[in-house]
Amino acid sequence: MTDNVHSHSMTIKRSVDEVYAIAQRDGFALLDIAIDENRLKNTLDDDRCGAFVCFEGRVRNHNNATSVERLTYYGYEDLALNQGRAIIEEAKKRFEITHAIAIHRIGALEIGDVAVWVGVVSAHRYPAFDACRWILDTIKADIPVWKQEYYEDAPSKWLSNNG
Amino acid sequence: MTDNVHSHSMTIKRSVDEVYAIAQRDGFALLDIAIDENRLKNTLDDDRCGAFVCFEGRVRNHNNATSVERLTYYGYEDLALNQGRAIIEEAKKRFEITHAIAIHRIGALEIGDVAVWVGVVSAHRYPAFDACRWILDTIKADIPVWKQEYYEDAPSKWLSNNG
Amino acid sequence: MSAIKETERATRAATQVGAVITIKVLYFASLADAANCQQETVKVEPSTSLSELYDSLSQKHGFSHSQEELRVAVNDYFAKWSDPINDGDSVVFITPVAGG
Amino acid sequence: MSAIKETERATRAATQVGAVITIKVLYFASLADAANCQQETVKVEPSTSLSELYDSLSQKHGFSHSQEELRVAVNDYFAKWSDPINDGDSVVFITPVAGG
């Protein structure tokens, strides 16, 4: 085996078109190239909706006081899709929203790259804010994606959202 | 006087480039044409920021149970700019954010058009969500913009956010 | 405090000789509909308060809003109803807003 | 309930004749580093619990995480540690995630 032990979790099995189709149908997908925010946003056009809220999580140049050079996200694609679908279903039960869609990117990312994008539309503004934040928090807590940060002067390390 | 009594509040006095320059410098401006969301978003690029939250307020096809055909926003430009600058200053004091920028559109809008856009970037996600929502709420409460909705089967009327 | 007294004395003196100040009033939204104009120039006695100004213009144009429903702006900034008016000021009465 | 008893009886019977089930274990993140592989095929007795499976693999590979820190997924869905394992299942131990 020439590839490393993480190669299966740095790329996705599906085509880009499949990814966007799944995201549109189920509200969540993983992608291994740059997220096309406008493509996601276009799926949310709805004349009934007065409010659109979106969140973009971008790779920061620092984590606490440490300077970050780049990072790599790894994902367990099939579980992520199943869990993502459940998260979006739950969001639509909890909040008065019309649609929600999110994509998490995996693979090697540079500073400034978008790692996760969440968009929500609703008739009124507060449910869109609340749902967007809840979906993001729940993605961070439950979607099987891992992150390794690379630093200038220290060895890379595995990070955790809850530790 | 051939123009109607609202013509002064349906267009702005400044050029489009001035509007975006003011928005970038002060964080708020009025505009009388379609808002260029990417132009605003580009002003928020910052490698220190891991979180970008934006809100778009779009013209809905209904207000409560009434079908809306279109609407017109009217603004008092000079007061709006002074008050908008104060709102963004206050937001930066209240929340741990790096930048915030917002534009409100005035004039005749169609269903689906963006009436207001608010974008915030910060190192971490919660201040961006909180500030975006607070700025939007405060714009709705304090910026001198008025709205007249036009319906299919009823006379147009002046709306109010607080009544 | 002495500055205010000075002003008051000057104001009374001016009023006694019939002096007036000229202010510009801009109208927006339903007030523009009721006034049927975008703005007008108004001459008032220097001691006139913003409240008195609104009362007087409200009677003239038949505005439906009571002062309690409104805010007031002077020279493109929100002002307090108790703020003084000066010659050349621009005054706007702000009906409930509806942005967003 | 009777279905569970049936299964238990079948399981005991199979164990007695030395039957095994084959499951696939996939590794991600620090567990892939420790196991030094992406996946492996494991043969276990049918009565093996997910906890026992993790203990056994943890000893084999020297995983640093205790079971309490982990979640477990079976066939691409999160599962409970008390869920049964069946022949052909795919099992993944999920270390603390870090998306977003």
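Order of writing sets the labels: A, B, C and D. Residues in every chain begin at 1.
The definition used in the following text is that contacts are C-beta pairs under 8 Å (C-beta built on N, C-alpha and C of every residue); 3 or more make two chains touch, one makes a residue touch a chain.
Treat the numbers as computed from the prediction; the structure is a model and nothing was measured.
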Checklist line | Omitting chain A while every other chain stays put - resulting connected groups | finding: B, C | D
Next item on the list: Treat touching chains as neighbours and tell me the shortest step distance from chain A to chain D.
Entry: 1
Notebook entry, point to check: What is the distance, in whole Å, between the centres of chain B and chain D, each centre taken as the mean of its C-alpha atoms?
Noted result: 54
Note to self: So the centre of each chain is just the mean of its C-alpha atoms; given that, what is the distance between chain C and chain D in Å?
What the structure shows: 78
Item checked: Between chain B and chain A, distance of the C-alpha-averaged centres to the nearest whole Å -> 27
Next item on the list: Send over the residues of chain C in touch with two or more other chains.
Entry: 100
Notebook entry, point to check: Going by the touch rule set out above, which residues of chain B reach two or more other chains?
Noted result: 57, 125, 136
Next item on the list: Could you please specify the touching residues of chain D with respect to chain A in the complex?
Entry: 26-30, 32-33, 35-39, 73, 76-78, 92, 94-100
Notebook entry, point to check: In their complex, what parts of chain B are in touch with chain C?
Noted result: 1, 5-9, 57, 73-76, 78-79, 82-83, 104, 115-116, 136, 139-148, 158-163
Notebook entry, point to check: Where on chain B does chain A make contact in their complex?
Noted result: 45, 47-62, 111-112, 123, 125-126, 128-129, 132-133, 136
